[in-house]
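Got some structures for you, see below.
Consider the two complexes below, in which subunit A is the common component and subunit B and subunit C are the respective partners.
Right, the complex of A and B next:
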C-alpha cells in the first residue's frame, strides 16, 4: 500500500474517521494499530526487525533513565557524600549507562549494517582478496531490507542518545515508543523526527479542526502533484539518459542532471508533503524537511535546507560530539604542537566533516557512488571554508554586492550547478561511468544532440515536456511566494468559491496529467530506498 | 458555524465527486474511431431481454453469427455476447451477467478460447469488461481476468487507467461524454460486407509441445455447464468455420470427448463447410479468419435449423417479439446498405461502419 494508491487514500480516510469518532484516549493506540496495518501491508516479516528495534531501544532507554534516577535519589539520600565519592558514583553510573547505550546502538546499527551494507562490505573485501587469490567470500542473495529501516534506526538512535545525555526522560510506555518508531506516514520517506518534537502531538488528544484538515488535504494534494505529475513523468527521461551512457554523452549528461534535480526534488518533497499532510490530518506535527533548497547561495546553506532532519541528525549526533571527543582533542593538541594553531583549529572540523559526510553518503546507499558523493560534498564545503579569506577580500572590495539580485542569482546558479554535478554519482551505475559521463560534458559536449528528436527519444512526448515544465514553473512561483509567507494562509484569506476552484483544478490536474497507472511505478519513492 | 462547515465540506465532496465523474466520462475511450468492438459489451443492456438463444464467445461468434438471419429464417430470438479474444472466463461471466436479466433456453459457447489458459492482454480485458454494468459478477470477472500488473481499482474507476488519454481526445470524446455512442451491432453481431478471399490452401498450425487445454479452461467450461444446468438451460458447443487460428484435431477430440461425456451438442462447422455452402473466396473479408455478412448468413441459416431442432422456439407469430425484431431487421438492412454504398464508393471498408 504505497502512498500513490487509492487503497492508501481509503486507508487514511477510514483511520481519520475512526480517530475522531472513537474516544480520545484511544486516539494514539489507533495510530499504532494503523501503523502496524500499514507496515503489514508491505511484508509481515518486517515486523520482527522494527519490533527488535523498539524493544531494545525501550529497555536500554528505560535502563539508562533508571540508573540516572537511582544516582539522583542516592545523592538526595546521601547529602553528606563528598565530591570525590560523588564523582566516583557518577563515573560508575556513566559507565553502566554508556554500556547500555553502546549495546543498543551496536545492536540496531548492526542490524542495519547486516541488512543494508553487508554485501557491499563483502564485495570490497573480495575485491581486495582478488589481488592475492581467487577465493571469494560468498554474498547474501536474499536479504530483507525492511521498509523505512534507515529512518526508524536513526530516529530511535537519536532518541536513546538524547536519553543518555539526559536531554529528556525515557518514555515509560513501550507502545508509545512503538508508535514513535513506526508512525505510518513517516515510514517511507522520513523525516527523521526527534522524540520531544513529535511526541507531544503524537500522544495528545485531538479534536477535529476544520482549518487543520483543510490545510492537511491541500498539502497532500500538493505532494501528489509534485510526485505524480512531475517526478514520475521526468523519471522516464532520466532513466533513458543514465541507462545509456554511451549514447547520451556531453550536453545530454547535463540535461540528465537537470532533469534529475527536478525529479529528485519533486519526488522527495512530494513524498514529504504527503507525509506531513497525512500526519496533520491526525493533528500530529512532524518536522519540515525542506526549505526551498534550490534558492541556496552555497552548499553549506543548501544542506541546511535539503533533507534538514538528516543533516541535523548527523550534526547533533556525529559532528558536534566528534569535535569535542577526547581522541580528536588529543589530535588537535598534537597538531598544534607540530604544525601550529592554523592547522590545529582545522583538525576537529575536518575530522568531524569527513565522518559526517562519509556517514551521510553511506546512509543514502551501500555503494561507492554514494560514499564518493558524500565525500564530494565534504570537499566542496571544506574548500569553500578555506576560501573564506578570498571571499572576504572580494566582499571588502564590493561591499554592497550581497544585496544585488544578479550576484544572488549567480550564487544560486553556482550552488545548483555544483549540486547537479555531485548528484551524477546518484544517477549512474558506478563510479567510472559517472566520471566518464561527467568528463564528456567538457571533453565532448556534442551540442548537436540538443534536438527535438533526441528529447522525444527519451520516452516523453512534447506534451509531457510542456506539462513537466509548466509544473516546475508553478513550483518555482509557489516557492517565490512562500518567501513572503504561507501560500495556504494566503489562499485561506480568499473566498470559499475561489479556494474550491483552486483545489478542484489541482485535483483535476493530478488525476488527468499524473504519470501513474499501468506502466508506471508511482509507489516507488527515491528516498524510500535509502 | 458548525453547520456552515458541514455544508462547505458537503459542497467540496460533491464538487470533487462531480469533477471526477465528468473527467472519467470524458477520458473513457468511446471506441468510435478504433477498436469499435469495445462498445459491444455495453450494447447488450440496451437490447430487449427476450432471447431464447444466447451466444457467448470471441470474434468467431460476433462476426460469424447473424441473429437477424436466425430470426428471419426460423423466428429464433437470439443475441451474441462476444468481445475480441473473449476468454472462457469472460464468456462465463458474460453469461452469469446476462442471467441477471433473462434466462435463455439455449446457450451456445464457441470453443476456440479453450486454447487460452491465462489472461492474454490488458486491452482485451478492457474491451470485454469496461462496458459491463457494476455487479458482483463484474467484480468476479475482473478478478479472474486481470494480469498481474493490473489493479482492480482501475476497473472500478477506469479514469485511473485511461487518464493518459488526455492527449488523444477528439470531438467524439466530447460528443459522447454524457450520451451513448451509436448502436454498432445488430443483436451483438458485427457486420462486414466486403470480401478478401482466401486464395491459398487454409493454413496449417505448427506443432505444439502440449495440446491439452489448461485446467482453468476446463474449470470454467464445467462452471458454465453447471450454471446452465442450474437454470434449466441447454448448453451447446460450437466451433466456427474459420480457418485461422488453426483448430488442431487434438483439441477437437478433447472437446468431442467432453461433449459426449456430458451429453452436450457440439457443432464443429469446419466439418460442414461444404454443406453450409461457405466459399472462402467470397464469404470472408480477411482471408478466412472471419466471415463476411454473406458467409455469416449462410452459417446462421444452417445453424438455425439445428437450433430449432433442439428446442429454440419460433417467435414470429408473437407480437412483442415481431415488433422488436422488425426494428432490428430494419437496422440490419440499413447497415448492410450503408456498407455496400461505402464499398461501392471507396472500394474498401474499415472497421464496422454503421449509419448514424
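Right, the complex of A and C next:
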C-alpha cells in the first residue's frame, strides 16, 4: 500500500473517521493498529524486525532510566557521601548504563548491517581475496530489507542515546514506544523524528479541527503534485540518460544532473509533504525535513536545509560524541604538543567529519558510489572551512557584497553546481562510470546533442517537458512566497471561493497531468530505498 | 568568563559577546562549537561530554562559562 494509491487514501480516510469518532483514549492505540496494518500490507515478515527493535530499545532504555533513578535515590538517602564516593558511584552507574546502551545499539545496528550491508561487505572482501586466490565467500541471495529499517533504527537509536545522556526519561509504556517506532506516515521517507518532539502530539487526545485538516489536505495535495506530476515524469528522462552513458555524454550528463536534482527534490519533498500532511490529519506534529535547500549559499548551509533530520541526527549522535571522545581529545593534546594549536584544533573536526560523512554516505546505500558521494561532501565542507580566512579577507575588502543580489545568486548557483556534480554518484551504476561521465562534460561537451530530437528520445514528449517545467516554475514561485511566510496561511485569509478554486485546480492538475500508467512507478520513492 | 569571551572573539572577531542566542541565530555552527570544546579542553583541562552539547549551553558566553564551571566542580 504505497502513498500513491487509492488504497492508501481509503486507508487514511477510514483511520481519520475512526480516530475522531472513537473515545479519545483510544486515539493513539488506533494509530498503533493502523501502523501495524500499514506495515502488514507490505510484508508480514517485517514485523519480527521492527518488534525486535522496539522491545530491545524499550528494555534497554527502561534499564538505563532505572539505574539512574537508583543512583539519584541513593544520593538522596546518603547526603553524607563525599565527592569522591559520589564520583565512584556515578562511574559505576555509568559503566552499567553504557553497557546497556552499547548492547542495544550493537543489536539494532547489527540487524541493519546484516540486512543492508552484508553483501556489500562480502563483495569487498571477495575483491581483496581475488588478488591472492580464486575462492569466494558466497553472498546472500534473498535478504529481506524491512520497510523503513534505516528510519526506525536511527529514530530509536537517537531515543536510547538521549535516555542515556539523561535528556529525558524512558517511556514506560511499550505500546507507546511501538507507535513512535512504527507511526505509519513516517515509515516510507522518514523524517527521523526525535521522541520529545513527536511524542506529546502522538499520544495526546485530539479533537477535529477544520483549519488543521484543511492545511493537512493542502500539504498532502502539494506533495502528490510534486511527486506524480513532476518527479515521476522526470525520472523517465533521468533513467534514459544515466542508463546509457556511452550515448549520453558531455552536456547531456549535465542535463541529466539538472533533471535529477529536480526529480530528487520533488520526489523526496513530495513524500515528506504527504507524510507531514497525513500526520497532521491526526493532529500529530512531525519534524520538517526541508527548508528551501536550493536557496543555500554554501554546502554547509545546504546540509542544514536538506534532509534536516538526518543531518541533525549525525551531528548530535556521531559528530559531537566523536569530537568529545577521550581518545580524540588525547590525540588533540598530542597534536598540540607536537604540531601546534593550529593542527590540534582541526583534529577532532577532521576525524568526526570523515566518520560523519562516511556514515551519511553509507546510510544512503551499500555501494562505493554513496560512500564517495559522502566523502565528496566532506571534502567540500572541509576545504570551505579552510578557506574561511580567505573569505573573511574578501568580505573585509567588499563589506556590502553579502547583500547584493548578484553575489547571492552567484553563491546559490555555485552551491547547486557542486551538489549536482556530487549527485552524479547517485545516478550512475558504479564509480568509474560516474567519473567517466563527469569527465566527458569538460573533455567532450558535445553541444550538438542539445537538440529537440535528443530530448524527445529520452522517453518524454514535448507536452511532458512543458508540464514538468511549468511545475518547477510553480514550486520556485511558491518557495519565493514562502520566504515571506506560510503560503497556506495566505490562502486561508482569502474567501471560500478562492480556497476551493485553488484546491480544485491542484486536484485537477494531479489527476489530469499526473504521470500514471505504463512506464511509470508512482509508488516508488527514492528515499524509501534508503 | 573572560577566557570564554576571548575564545569567542578568536572564532568571530565581530561577535556580540552579550548575545544570548549564538547557536539559535546560527552565529556559532557545529564546527565552531567543536572548536570551543577543544579550546575548553586545552585551557581548563575539562572534557565537555557530548550530552552537554546542546544549544542552551552554547547560546551565550555566560551559558558556556556556567557549563564549564559545573563540569570543573564535578
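Operating definition for what follows: the second predicted complex is superposed on the first by the 528 of 530 C-alpha atoms of A that agree within 3 Å, B and C clash if a C-alpha of one lies under 4 Å from a C-alpha of the other, contacts with A are read in each partner's own complex, and residues count from 1 in each chain.
One rule holds for everything that comes next: contacts are C-beta pairs under 8 Å (C-beta built on N, C-alpha and C of every residue); 3 or more make two chains touch, one makes a residue touch a chain.
If you're wondering where the values come from, they're calculated on a predicted model, not measured in any experiment.
Asks: Once the two structures are overlaid on subunit A, check if subunit B and subunit C clash or fit side by side.
Replies: fit
Asks: Among the partners subunit B and subunit C, which is in contact with a greater number of residues of subunit A?
Replies: Of subunit B and subunit C, C contacts more residues of subunit A.
Asks: Looking at the overlay, what does A:385 touch: subunit B (first), subunit C (second), both, or neither?
Replies: After superposition on chain A, A:385 lies in contact with subunit C alone.
Asks: With subunit A as the corner point, what is the angle to subunit B and subunit C based on their C-alpha centres after superposing, as a multiple of 10 degrees?
Replies: 170
Asks: So, A:7: does it touch subunit B (first), subunit C (second), both, or neither?
Replies: first
Asks: Pick one for A:443: touches subunit B only (first), subunit C only (second), both, or neither.
Replies: A:443: touches no partner chain.
Asks: Between subunit B and subunit C, whom does A:326 touch in the aligned arrangement: first, second, both, or neither?
Replies: second
Asks: So, A:507: does it touch subunit B (first), subunit C (second), both, or neither?
Replies: first
Asks: Please work out whether A:88 is in contact with subunit B alone, subunit C alone, both, or neither, and reply first, second, both or neither.
Replies: neither
Asks: State the minimum pairwise Cα distance, in Å, between subunit B and subunit C in the overlaid complexes.
Replies: In this superposition, no C-alpha atom of subunit B lies closer than 39 Å to one of subunit C.
Asks: Once the two structures are fitted together, what part of subunit A is touched by subunit B and by subunit C alike?
Replies: none
Asks: Sort out for me which residues of subunit C touch subunit A in the complex.
Replies: Going by the criterion above, the answer is residues 29-31, 33-35, 37-39, 41-42, 47-51, 53-54, 74.
Asks: Across the complex, what residues on subunit A touch subunit C?
Replies: Per the stated touch rule, the residues are 87, 164-167, 300, 315-316, 319-321, 323-324, 326, 329, 332-333, 336, 341, 344-345, 347-349, 352, 385.
Asks: Considering only the defined contacts, which subunit A positions touch subunit B in the complex?
Replies: Residue list for subunit A touching subunit B: 5-7, 210, 461, 463, 496, 500, 504, 507-508, 511-518.
Asks: Across the complex, what residues on subunit B touch subunit A?
Replies: 5, 8-9, 11-12, 15-16, 19-20, 23, 27, 122, 149-150, 153-154, 157, 159-161, 163-164, 166-167
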